[in-house]
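Presented below is the structure to which this report refers.
The first chain written gets the first letter, and so on, giving A, B, C and D; residue counts start at 1 in each chain.
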Amino acid sequence: MMENAWLIPLFPLLSFLILLLFGKRLKEASAYVGILLTLASLVFSILVLFERFSEPTYSTKFDWLTIGDLHLTAGFEVNQLNALMLFIVSLVSFLVHTYSKGYMNGDERFPVFYAYLGLFTFAMLGLVISPNLLQTYIFWELVGVGSFLLIGFYYYKEEAKAAAKKAFIMTRIGDVGLFIGMILLFWETKSFEYSEIFAAVDAGAVSGTMITLTAILIFIGAVGKSGQFPLHTWLPDAMEGPTPVSALIHAATMVAAGVYLVAALFPLFAASKTALLTIAVIGAFTAIFAASIGLVQTDIKRVLAYSTVSQLGYMMLALGSAGYVAGVFHLMTHAFFKALLFLAAGSVIHAVHTQNIEEMGGLWKKLKLTGPLFLIGTLAISGVPGLSGFFSKDEILVAAWEGGHPILFFLALIAAFMTAFYMFRLFFLVFTGEARSEQKHVHESPNNMTYPMILLGVLAVIAGYVNTPWFGSFLGDWLVDGNPALGHGHVEGPIWIMIAATVVSLAGIYFAYLMYRKRSIARNTISGTGDTLHTILLNKYYVDEFYQLTVVAFTKGLSYFLRFIDVFLVEGLVKGVVGIVQGLGRTGSKMQTGQVQTYGAVAFFSLALLVVIFALTGGYLR
Amino acid sequence: MNLQSTLSILVFSPLLGIIVLAFLPKQSEKLIKVVGFLATIPALLIALAAYLHFQWGKDLADFAVSKAWIQFRGMGGVPEPFFSVNYELALSGFQLVLVVLTAVVATLSALAAAKFVKKEWKGYFMLFLLLEIGMLGVFTAENLILFFIFFEITLIPTFFLIGKWGYFEKEKAAYSFLIYNGLGSAVLLIVIMILFAKTGTTNIEMLAQIMADPSAPLSGDLKLGLLISLLIAFGVKLPIFPLHSWMLKVHVQAPPSVVMIHSGILLKIGAYGLIRFGMGIFPEQFKTLSILIAILGVINLLYGAFLAFIQTDFKMVLAYSSISHMGIVLIGLAAMNEAGVQGAIFQVISHGLISALLFFLVGVLYERTDTSLIGNLGGIAKGMPIAAGFLLAGAMASLGLPGMSGFVSEFMAFLGLFKELPWIAAVGTIGIIMTAAYLLRAVLGMTYGKSHREFTGVLDLKGVELIPVGVLMLLIVVIGVFPSVLSSPLQTTLETIMLGIGG
Amino acid sequence: MTFSGEFLAFMGLALVALIGGVLLLNLTKVVHMVVALIFTFVAIAGIYVLLSAEFVASVQVLIYSGAITIIMLFGIMLTKHDDENEPKTGKLRKLLVFLGILGFAFAVYIGIYNFNVEQEQTALHENNTMQIGKALYSKYIIPFELTSVLLLAALVGSIILAKNEKKEADDE
Amino acid sequence: MSSVPASAFLALALILFCIGLYGALTKRNTVIVLISIELMLNAVNINLVTFSKYGIAPSITGQVFALFAISVAAAEAAVGLAILISLYRTRKTVNIDEMDTMKN
C-alpha cells in the first residue's frame, strides 16, 4: 500500500482539475466529486497508516531537474510522522468537504469553492509526504496559494481581499526565510534530501554556526506559516474566509505545517541549542501573547483564531524544548478539537448569521447538537482531564519543565490558564444566558454538517488516549521508533505538573464562570486598573498598526523615492540623450541650406580630410 | 537525411506569408488575418519538429549550415589571409528552446493581432512576419554579422508596429525605442567590428576558441572593454537599470499583440546575447565582472519591484515587473555556475511565456473596459471570472509560485548565486517578497473587491481568445511541473559555457 | 632633365593651360572667362599630341574648343548676368574649399611625386586613329553603342527641357 | 626616351583639376560652375591619356576612355545648359545660391 501513497495527494488534484474544467456544468454535484475523491484519499491514508505500524519507512524518488552534475529529485516518503499527518489531513479535509456541502449551500461559486478545497488538500497532502526540502518548499507555497484563494473566496468583500493579500505576503516573508535556509543548507550538504541532510549534520560536516543559521532561517518559514509572533497578524484576519476553510486550513492543517516542518527537520534543529531555544522562546511568547489578545476579542472566529495562534505557540514551545513527541501529539489532538470548534462555530454562525458574540447568547437550548459538541471542544482545549487536550498539554508542560527553562514553563502555565478562561468566556457568552439580540429562525444545521462535527467530537475526546502516562505511550514510542535523534517516546514528568495543569485550567474555567455566567465578578475586574490594558488587548497590541507605520510606510516611501529617481534621474538621462540627438539634428539641419555647392564643399572637405589623414598615416588604419 | 536547409526554411518561412500578403487587396480583412496567422504556422511546426528531433536523441548538429558568403583579402597584421563572413545557421539546445518559444509566441501573437489590430491589417501582418524572420534569425545565427543583420531586422518592423498601431503616445514610444535600441546596436556593431578586424572571423564558436587561446591577439583590457560594451548593448535590450525607460513607454503604448512579442521575445535577445556572446566569448572577463553584474541584477530586481508597487496603471506594473524579472536573469548569470546560468535561461523562457500571457490579458481587459488603471477597475472577477482567473494564475506564475515555470527559474538563479555571493543573494530575496506584494496589490485591486463601476456589458474570454491563454498557461505549468522538458536540451549548452568558464 | 624640344613644348602648353585656368577663376566677366578657357582647352589638345594621342587631340579641339565653348556662350547669351560682382557671403566656404583643395592636392601630389614607371616603347602614335577605330569597333563596341544611346537621350532630353517651358508659358 | 616624366603630366592634371574644383564649389554663376566641371573632366582626360602611354600596361584603352569621357561630357554640357535655361525661365536668375529647392 505504501508504495502507492503518491496517489493520496493526486485524488484531490484530480478533483481540482475536474471542477476547474467542468465545475460550471456540475453545479451542486461538484460537492460529490470533491467528497468522493477526498474519501479515496482518506481510505488510502488509513491503509497507509496501518501498514506503517508494522512496516519500515518507505521512500522513493526520481530525477526531477538536472542542473549540470546536480540532480534534484522528487519522490515521496512514508515515515511515521508523514503517515500520521496524511491521516490527519485527509480526515479533516474529508470532514470539511462534507460539512461544506451544507454550509456553502446556495453559493453561486459552489464548484469553485470545492475546486479550491481540492487544490489545498492536494498541496497539503503533497507537503506531508515530501522526502526533501525542495519538494516541501514547493508544496509549502502551493498550500499558501490554496489558503490565499480560500481566504479571498468572498472576493467582492474588501476585507476578504485585504486579508487574502496579507496572508499571502506575510507567509511569503516567512517563506523567504525558508527559501534562503534551504539553499544554504543545500550548498552545505549538497542535497535537499532529509535523510542526507541529517546524515551530514550527524557526521559533523556542517559547521555549528551554519546549522544554527539555517535552522533559524527555516524556522522563520515555520513562523510565517504557523502564525507565530511576529508574523502572526495574518491568521486572525484570515477568518474572513468561509468557516469550513478556517477549520481546515487555519486550524487543523496548514498552520500546523510550520510545526510539521520543524518536526520533520527536528534532527537539524536538535543539533543547535540556540535554534531550539529560539523556537521555544518564540513559541512560549506567542502562546501567552495570543492568549492575552484572545481574552477580549468579540468575534467568535477571531477568538478561535487567537486561540489557534496560542496553541501553535505551545507546539513550538514543545519542539523547542526537545519534546518532539509532545509537539506532534498536540498537533494531532489540536487538529481534532480545533477543527471541531471551528465547525461548531460555523454551525452557530450558520444559525444566527452573525459572528459577534455580544449579539449571541442562550443558544444552548436552540442548538441541541452544536452546543454540547462545542462544549466538548472547549473542554478539550482547556485541558480538562480525560479529554485529548489534557494529555497533550500535559506532555508539553513536562517537556517545557524538562527543557530546563522554568520561565518558559510558567509562561506556558499562565497561557493554559488564559486558554481555559477565554474559551469558557466564549462558551458562556454564546450558549448561556439570554439572547442579546433578536434571533429569528435559529435552527440546527443539516446532517451533513453535524455528522462531521460528531465524528470530530468523538476524536477530540478519545484521541488523547493513544499516548498517556496511564495507559502507555503507544504513539510516542511509535513516532520515535528507530530514530534516536528525535528523543524519547515519552518522558515521565513529575506528577505535580499534571496536577498543576489541571488546577490551572479548572481555575480558568471557574473564573470565566464567575465572570460571564454568574456575573459575580464584574467584567472589568482584571482591566479595572484602567481601560488602557483592555484597549491595548482589543487592538492586538497595535502590532498591525506598528507594521503599517514602519514596514509598509518604509516600503511605500522607498518606492516613491525610487520613482522620484526614475522620473528625474533616469528620465533626465533620457532627456539628455534626446537633447544631444536633437541638438545634433538641429545643427545638421541648419547646414541643409539646399545649395548643392555647400553640400559639395562639405563633402569634399571631409573627403580631403580623410585623404590627408590617410596620406599622412600611410593608408590603412593600423 | 539532410537537414541542412531546415533552418533556412524555418527562418525564412514567414517570407512566404509576406509575399502572399503583398498580393492581397487591402480591404479583405478576413483573408489577411487568416494568411497572417497561417504564415506563422510553418515555423512553429518546424520548431516543434526540431524539438522532437532532439528529444528522440538525435543530434542537433545535423541542422548546422555554413555557406561561404562574403570574403575579402585581409589587411595588415591579421594572420588569416582572408576575412570571411559565412552564412551560418545552427541550433544548439539553448537556441532550440528559444526558437520554439519564438515560434509559439509569434503564432499566438498573430492570433491576438487578429483580435486587437483595428486598421491596416495588411501592413501590420507584413511587418509582423518580417519581425518574426528577424527573431528566428537572431536565435539561429551562428555568425555575429548575420546575427547583427537579423537583430536590425527586428528593430525596424517593431518601430513601425509601435509607431503606427499603438495607443495615444505611440510615436514618442516608437522613437524612444528606436533611439535606445539604435544606440545599443551601434555599440554592438562596434564590438563586432573590432572582433572581426582583430580575428578575421565572426563565427561565434571560432571566436570563443580564439579567445580561449592565450596567444590571441587581444589584450585582457580590450576584452574587458568589449565585454562592457556588450553589457551596454544588450543591457539596453534587456533592459538593465538605468537603461530601461524606453521599455516602459513601449509596454504602455504598443498594441498588446506587439507587446506580447516585445516582452516575450525581443527583450530576451538581450539575455541571449549576454549568455551567448558575453559569457560564451569572454568567460574570464565575465567572471571579473560577476560581482558587478550580480549587483546590477539585484538593483534591477528591487528597483523594478519597488516601482511596480506604486504604479497605478497595470501595464506599468507589468513593465516594471519585467525589469524586476530581468534582474533575476542577471542574478543567475552572475552566479557563473550551472544552477545560475540554467536559472537565467529558464527565466528567459518562463518570463517570455508569462509576460505574453499577462499582456494578452491586459489587452483583452483594455479592449473590454477601455482602461487599464487599477483604480478604475476592481471586482471584474464578477463579470469576467475566466479572465480574472487567468490573470490571477498569471500573477502567481510571475511571482514564482511552485508548479509554474517562474519558480523553477527563480529558484535556480538564487540557488546559483547563493553559492557564489550569498550576501548579495540574500538582499535579492527581498525581491521575492516585493514581487508578491506588488503583483497581488495590482491583480487583486483589479479582480477582487467591489467594482467601482458596472461592467455589465463586459464579456468574458471566449472562443479564439481562449487559445493563447490556454496554450501559454499550459506551457507555464508543464515547465513548472516537468522542468526537464526544458533542462534536457540545455545541458550541452551549459557544459560548453562551463567549460569556457573553467568551472 | 634636358631641355629638349618636347620638354619646352610641354612647359609652354602647360603654362598656357594653367594661365587659362587661373584667368577662369579671376576674370569678372563671364564671356571673358569662357574665352580664357578656350586657351586651356587648346593647350590640353597640345598636351595630348605630346602624349601621342593625335586623334584625341583633334577631338578635343573639335568638341571642347568648338562645340562646348559655343554652347556655353549661347547659354551665357540666353541668360542675364547682371550681378558680376563677387558674392558677399561665402567667405568661410571659400576658405574651407581652398584648404580642402590644398590638402587634397598635397595628398595626391605625394602620390604622384615619385610616380615613374619604366617608360616603354609604345606604338601609339603609329596609325593612332586606326588603332582607336579598331578598339572601338571590336573590344568596346557595346560601350560605344551605349554612348550613342546616351547622346541621343541627351539630345532628346535637352530639347524637351528647353521646350517644356514654352508650353507651360503658353498654358499660362 | 621621353624627357618629360609622367609625373609632370599628372601634376598638370592635378592643378587643373583643383582649379576646376575650386571654381565648381565657389563660383556663383551656374554657367561658370558648368564650365569648371568641364575643366575637371579635362584634367581627368589628361590622366587617362597619360596612363595610356606611361602606365604599367600601356595600351590604347586610355585614349578610348578619354574619348568616351569627352562624349559624355558633351552630352552633359548640353543637358546642363538645357536645365539652366529652363531654370532661368522660371526663376530669372543664374545664381546658384538662389537655387535651394532641395531645402524643402
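Following the convention adopted for this analysis, contacts are C-beta pairs under 8 Å (C-beta built on N, C-alpha and C of every residue); 3 or more make two chains touch, one makes a residue touch a chain.
Which protein is which chain? UniProt says A = NADH:ubiquinone oxidoreductase subunit L; B = NADH:ubiquinone oxidoreductase subunit M; C = NADH-quinone oxidoreductase subunit J; D = NADH-quinone oxidoreductase subunit K.
This one's a predicted model, so the numbers in the text were calculated from it and none came from an experiment.
Peer 1: Among the chains, which one keeps its Cα centre farthest from the Cα centre of subunit B?
Peer 2: C
Peer 1: Once you find the CA centre of subunit A and the CA centre of subunit B, what distance in Å lies between them?
Peer 2: Once rounded, the distance between the two centres reads 37 Å.
Peer 1: Can you check how far apart subunit A and subunit D are, centre to centre, with Cα atoms defining each centre and the answer in Å?
Peer 2: For subunit A versus subunit D, the centre distance works out to 91 Å.
Peer 1: For subunit C and subunit D, let me know how many angstrom lie between their CA-based centres, rounded off.
Peer 2: Spacing between the chain centres: roughly 5 Å.
Peer 1: Mind checking the centre-to-centre distance between subunit B and subunit D? Centres are C-alpha means, answer in whole Å.
Peer 2: Whole-Å distance between the two chain centres: 56.
Peer 1: Could you pull out the residues of subunit A that touch at least 2 other chains?
Peer 2: 597, 601, 604
Peer 1: Can you pull out the residues of subunit B that are in contact with at least two other chains?
Peer 2: Nothing qualifies.
Peer 1: Using the touch definition from the top, which residues of subunit C touch two or more other chains?
Peer 2: 93, 97, 101, 104, 108 - these are the residues of subunit C that touch more than one other chain.
Peer 1: When you check every pair of chains, which ones turn out to touch?
Peer 2: Listed by label, chains in contact pair as A-B, A-C, A-D, C-D.
Peer 1: What residues on subunit D touch subunit C, complex-wise?
Peer 2: Interface residues on the subunit D side: 1-12, 14-16, 18-23, 25-26, 28-29, 31-32, 34-36, 38-39, 42, 45-46, 49-50, 52-56, 58, 60-61, 63-64, 66-68, 70-79, 81-86, 88-90, 92, 94-95, 97.
Peer 1: For the complex, give me every residue of subunit A touching subunit D.
Peer 2: 592-597, 600-601, 604
Peer 1: Note which residues of subunit C are touching subunit A in the complex, please.
Peer 2: Touch list, subunit C to subunit A: 93, 96-97, 99-101, 103-104, 106-108, 110-111.
Peer 1: Which stretch or stretches of subunit C touch subunit D in the complex?
Peer 2: Listed in rising order, the residues are 1-2, 4, 6-7, 10, 14, 17-18, 21-22, 24-25, 30, 33-34, 37, 40-41, 44, 47-48, 50-53, 55-56, 59-60, 63-64, 67-68, 71-72, 74-76, 78-81, 83, 87, 89-90, 93-94, 97-98, 101, 104-105, 108-109, 112-117, 119-122, 124, 128, 131-132, 135-136, 139-140, 143, 147, 150-151, 153-155, 157-159, 161-162, 164-165, 169.
Peer 1: Quick check: in the complex, which residue numbers of subunit D touch subunit A?
Peer 2: 21, 24-26, 33, 96-97, 99-104
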